[in-house]
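Chain nomenclature is as follows: A, B, C and D, assigned in order of appearance, with residue numbering initiated at 1 for each chain independently.
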Amino acid sequence: MNKLKNSASEALEGVLFDGMTIMAGGFGLCGIPEYLITALRDSGVKDISVISNNCGIDDFGLGILLHTRQIKKMISSYVGGNKTFEQQYMKGELELEFNPQGTLAERCRAGGAGIAGFYTKTGVGTVIAEGKEHKEFNGETYILETGLVADLSLVKAWKADDEGNLVYRKTARNFNPVMATAGKTTIAEVEEYVSLGDFDPDHIHTPGIYVNGFIVGTDHKKPIEIMTTREYVA
Amino acid sequence: MPWSREEIAQRAAEELQDGFYVNLGIGIPTLVANYIPDNVQVILESENGMLGMGPFPYPDQVDPDLINAGKQTISELAQTSYFSSADSFAMIRGGHINLAILGAMQVAQNGDLANWMIPGKMIKGMGGAMDLVAGVNKVVVIMDHTAKDGSPKFLKSCDLPLTGSNVTDLLITNLAVFHFEEDKPTLIELAPSVDLDEIKEKTEAEFIVSPDLKSN
Amino acid sequence: MPWSREEIAQRAAEELQDGFYVNLGIGIPTLVANYIPDNVQVILESENGMLGMGPFPYPDQVDPDLINAGKQTISELAQTSYFSSADSFAMIRGGHINLAILGAMQVAQNGDLANWMIPGKMIKGMGGAMDLVAGVNKVVVIMDHTAKDGSPKFLKSCDLPLTGSNVTDLLITNLAVFHFEEDKPTLIELAPSVDLDEIKEKTEAEFIVSPDLKSN
Amino acid sequence: MNKLKNSASEALEGVLFDGMTIMAGGFGLCGIPEYLITALRDSGVKDISVISNNCGIDDFGLGILLHTRQIKKMISSYVGGNKTFEQQYMKGELELEFNPQGTLAERCRAGGAGIAGFYTKTGVGTVIAEGKEHKEFNGETYILETGLVADLSLVKAWKADDEGNLVYRKTARNFNPVMATAGKTTIAEVEEYVSLGDFDPDHIHTPGIYVNGFIVGTDHKKPIEIMTTREYVA
C-alpha cells in the first residue's frame, strides 16, 4: 500500500468541505506544509476553523488563507506579526481562541490518544481558566482542558517511506507529530521520499498508521522570519 | 545608578547553577546567555522543541529548520536533542526545567505575573509563557522598576490580565532584587547608588527589607 | 461439524480488509495471521510497542529485544516502526487500530466481554485487553460456543468480571457467527452441519436470526 | 557534566529509602534494568512499592526482590507466570494494584508531564472504574485516572552519551521512556556508552534532562521467556 500521492490537490481530493476543522503543523514558518496550504487556497474551501500554533505571515503560510478569507476561526497560541490577521480580527471578521502553547500541544495529543480531557496547572488564575472546571489534586488546583481532533491534519516532515512512516528534522518537528495523530485524515508533505526499509525502525517519529497520504514537495521555500548570526572571529 | 539591561541580565545569570536546565524568554532574558559564569554549565531549552540550544549560527550555517522560540536562527551543540511541542511542554509542565527567566509588564506582591496582553491593544497571544510560569521550578522575572511615565510596575495587584498567579520566585528590576516566599516579597539587593527610600517611592507592592540587604 | 481452531481463525481472517491495522490477541487469534487472504495487506500491531510485526524469526535471528505482546520472539519487516508503551496505547485508545481479534471466556448479548479473570483463581491481570476493547474500532471475539461442561458461554449477562462493556462487534464461535448492532445480536452464519436448533439449545443469549443466514 | 557512574551501587547511592516508590521499565523480561535490580536487592531497601508492567519471573528481573521480600506492593497490568508472586499474594503478604496496560503507561506519562489526571474510556463498566469519577464527553462516558510519579525510576536503554541522552532498541523500549520522565530521580542502565555528539539529535528518544545518572552494563543476560522460531524452507 503506497501512500505517495502525485500532487497536493490529489492528496486532498474528497476530504475537503466548507466549515471543516483543519490542524496545520509548524512553529512560525518552521516546519509548515507549504504546498498543502497552497492547495487548500486553490481548492476554495471556506469557513475553515484552523488549529495551528501561529497563522503564518502576511504573504506566506496560513496567512495566504486570510487574504482569500477562507478562515473563519483560528485556535492558536500566538498570532503576532501578521497585519492581515490583526485587521480582520479587529473588524470582527475572524474568530480567535487562544490556548497556552503547551495546552494546545497537549490537547492535540489527547485528541489523537483518546484522552477526552486532562487536568493542567497552566492558566490557573488567568482568563484561560474562566468557565473551566477546577479540581484539586494533592492540594494544588488544576483546570480541565479537552482533547482536540480535526477533520484533516496537514503536517510537514522531512522524509517519508511508502507506508507513510515519517521522520522530522530539527525544530521543524514541533507540532507536526501530535497533529498527525489527531486528524481523522492526515496528509503529510515531505522533502524526500525513501524506499521501504530505508528507515531504521527505531528512528521513525510518526508511524504510518497516522498518515493517509503524502506528497513530496521540491524546492520548499522555508523562509526565515528572524535571521540572527554571529561573526567568525579571526 | 540603575542597572543597565546588560547588568540586569548579568545579575539574573547569578541565579544559574551548574547542571541547570534553563529556559530564557524573549528580549532581555536572551542576554543572560552572555553572562553564564565560567564554572557553571547550563543547558538551554527552547520550548519549540530543543534541549541544548547553541549560539547564533555563522552566516553560512543558517538553517531554516533550526530556530528558537523567538523564531531566531540558532545552532546546535554536541548534547542537543530535538522533540515535539507536546514533549517539550510535558518537560516544562512536569517541572523538569530548573529555571526560567522571563520579562514582565507587571508583578504583584503575591507573585502574580502579567506579561502577555494589554487590553485594548491587539493581543498577540501568550505563546508558551503561561506554561512556563506554571511548570518551571523557579521563575525569575526581570523588568524595569517603573513604566515610562514613572508609575510603578511592582504592584499590590496586577491590573493587566495575568500570565500566572503566584508564580514569581525572584524579581530583578533595574533598581533592586526581590525574593518571594510564603508571605510578602523581601527586598534583598539594591542597584548601585539606589537607596531604600527610592525603592519605597517607586514601588506600590508591600515588601519586607532583608536584614542582609545587599548594596552594590 | 463444528469449526476447528484453525477454521475459526480462518473465518476471523475474512474480517480483514486491505490496509487494515490489526491487533491479534494471544492464543487462537494469533493463528489468524496464517490465513490472511492473498489480495489483502494488513499491518499487525503489537501493543508492547511495534507496528509491522513480522513472522517468528529463523533460529539464528532470534533477538531478545524483539518480542510480541505474548512475549514470543518475532521478526521485523521493511515497514516496521517501534514506539513506547504510552505511544502504543495512545494509538489503541485513540481509535487508530481498525480491528482487534481477541479470545473470550464469556460474551453477553449486549456485547459485554469477559476474558481476564475468574474469581477465586489467581488473577494474572488484564494486560492490554481493557485498552484494546475500549479503543479499537472493531472488536472480533472468538471462543468455543460452550464451556467444557457444555454450559453456554454466550449469555444474557456475563457473571465473570468484565473486560469491557458493550464492546463486541462480531462473535465467532466454533458453531456460529453473531453480529452485534444497536439492539440484539444477529446470528449471521452457521458452521457446517450445525443447525439453528443446536445454536438455540447451546446459547443463553437472546439473538435475532438474519434473513440471510449463511450455512456452510 | 558527565552522568556516567562507575557502578550500579554508586548510581543508587543516597537515593534509596525504606517505603519508597520505584518505577522499573520493561515488558516481561524485555528491556529491564538487570543490574540496577540486582543492586536494589543488594542494598536491602525494604517495603518498596514497585510500578512496573510485570514482576519478572521467579529467578530473574523484579522476581528476585520477591525472594528477599523487599516488595510491599506491585502496581502492574499483568503478573502471570511468577509462582513466588502468586504464593506471597495468596498469603496476603503482597499488595497488588492492577491497571490496564495503556492506563498504566498513560499514568506514568501524565506524572512526568505535569498532568494531574486524565479521562479515558478504558475500564468503563469494569471493576477498574469502581470508585473513580465518571464524566461524559460528547455523549460518551470516561473515567478519571491520575498521574503517577516515583521516588526513583530505573530504566534500561541501549545507548547513552555523557549528557544522559538515551536511545532504546526495538521492543525493549516499551515503558522505559515514560518511566524515565516520571521519576524524581532516574537512573538508566545501558549496553553502550557513546561520546557526546555521536547521536543524531533527531534520533534521541529520552533527552538527558530526565536522566540523573547511568551505568554501562556488560553481558546483559536478556533471557527469552518464549522462544518461537520458524524453519528455513529449502
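Assume contacts are C-beta pairs under 8 Å (C-beta built on N, C-alpha and C of every residue); 3 or more make two chains touch, one makes a residue touch a chain.
Note that the coordinates shown come from a computational prediction; the quantities given were computed from them, not determined experimentally.
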Exercise. What is the chain whose Cα centre is as far as it gets from that of subunit B?
Worked result: C
For this session: Can you check how far apart subunit A and subunit D are, centre to centre, with Cα atoms defining each centre and the answer in Å?
Result: 32
Problem set entry | Rounded Å distance between subunit B and subunit C, as computed from the means of their C-alpha atoms | 55
Problem set entry | Centre-of-Cα separation between subunit D and subunit B, whole angstrom | 36
Exercise. What parts of subunit C, by residue number, touch at least two of the other chains?
Worked result: 76, 82-83, 89-90, 92-93, 135
Seminar exercise, completed: So subunit A residues touching two or more other chains come to 106, 109, 113-115, 120-121, 168-170, 173, 201-202, 205
Seminar exercise, completed: Chain pairs that touch, by label, are A-B, A-C, A-D, B-D, C-D
Exercise. Quick one: in the complex, what on subunit D touches subunit C?
Worked result: 27-31, 53, 76-81, 86, 89-90, 98, 100-106, 108-109, 120-128, 158, 168-178, 205, 222-232
Exercise. Residues of subunit D touching subunit B in their complex?
Worked result: 1, 109, 111-115, 161-163, 165, 181, 196-197, 199, 201-202, 204, 207-210
Exercise. Across the complex, what residues on subunit C touch subunit A?
Worked result: 18-19, 21, 41, 43, 45, 51-52, 76, 78-83, 89-97, 135
Exercise. How about subunit B: which of its residues touch subunit A in the complex?
Worked result: 46-50, 55-59, 62-74, 76, 82-86, 88-90, 92-93, 112, 122-131, 134-135, 161-166
Problem set entry | Residue ranges of subunit A touching subunit D (in the complex, touch as defined) | 106, 110, 113-121, 135, 137-138, 140, 142, 146, 167-170, 173, 200-203, 205
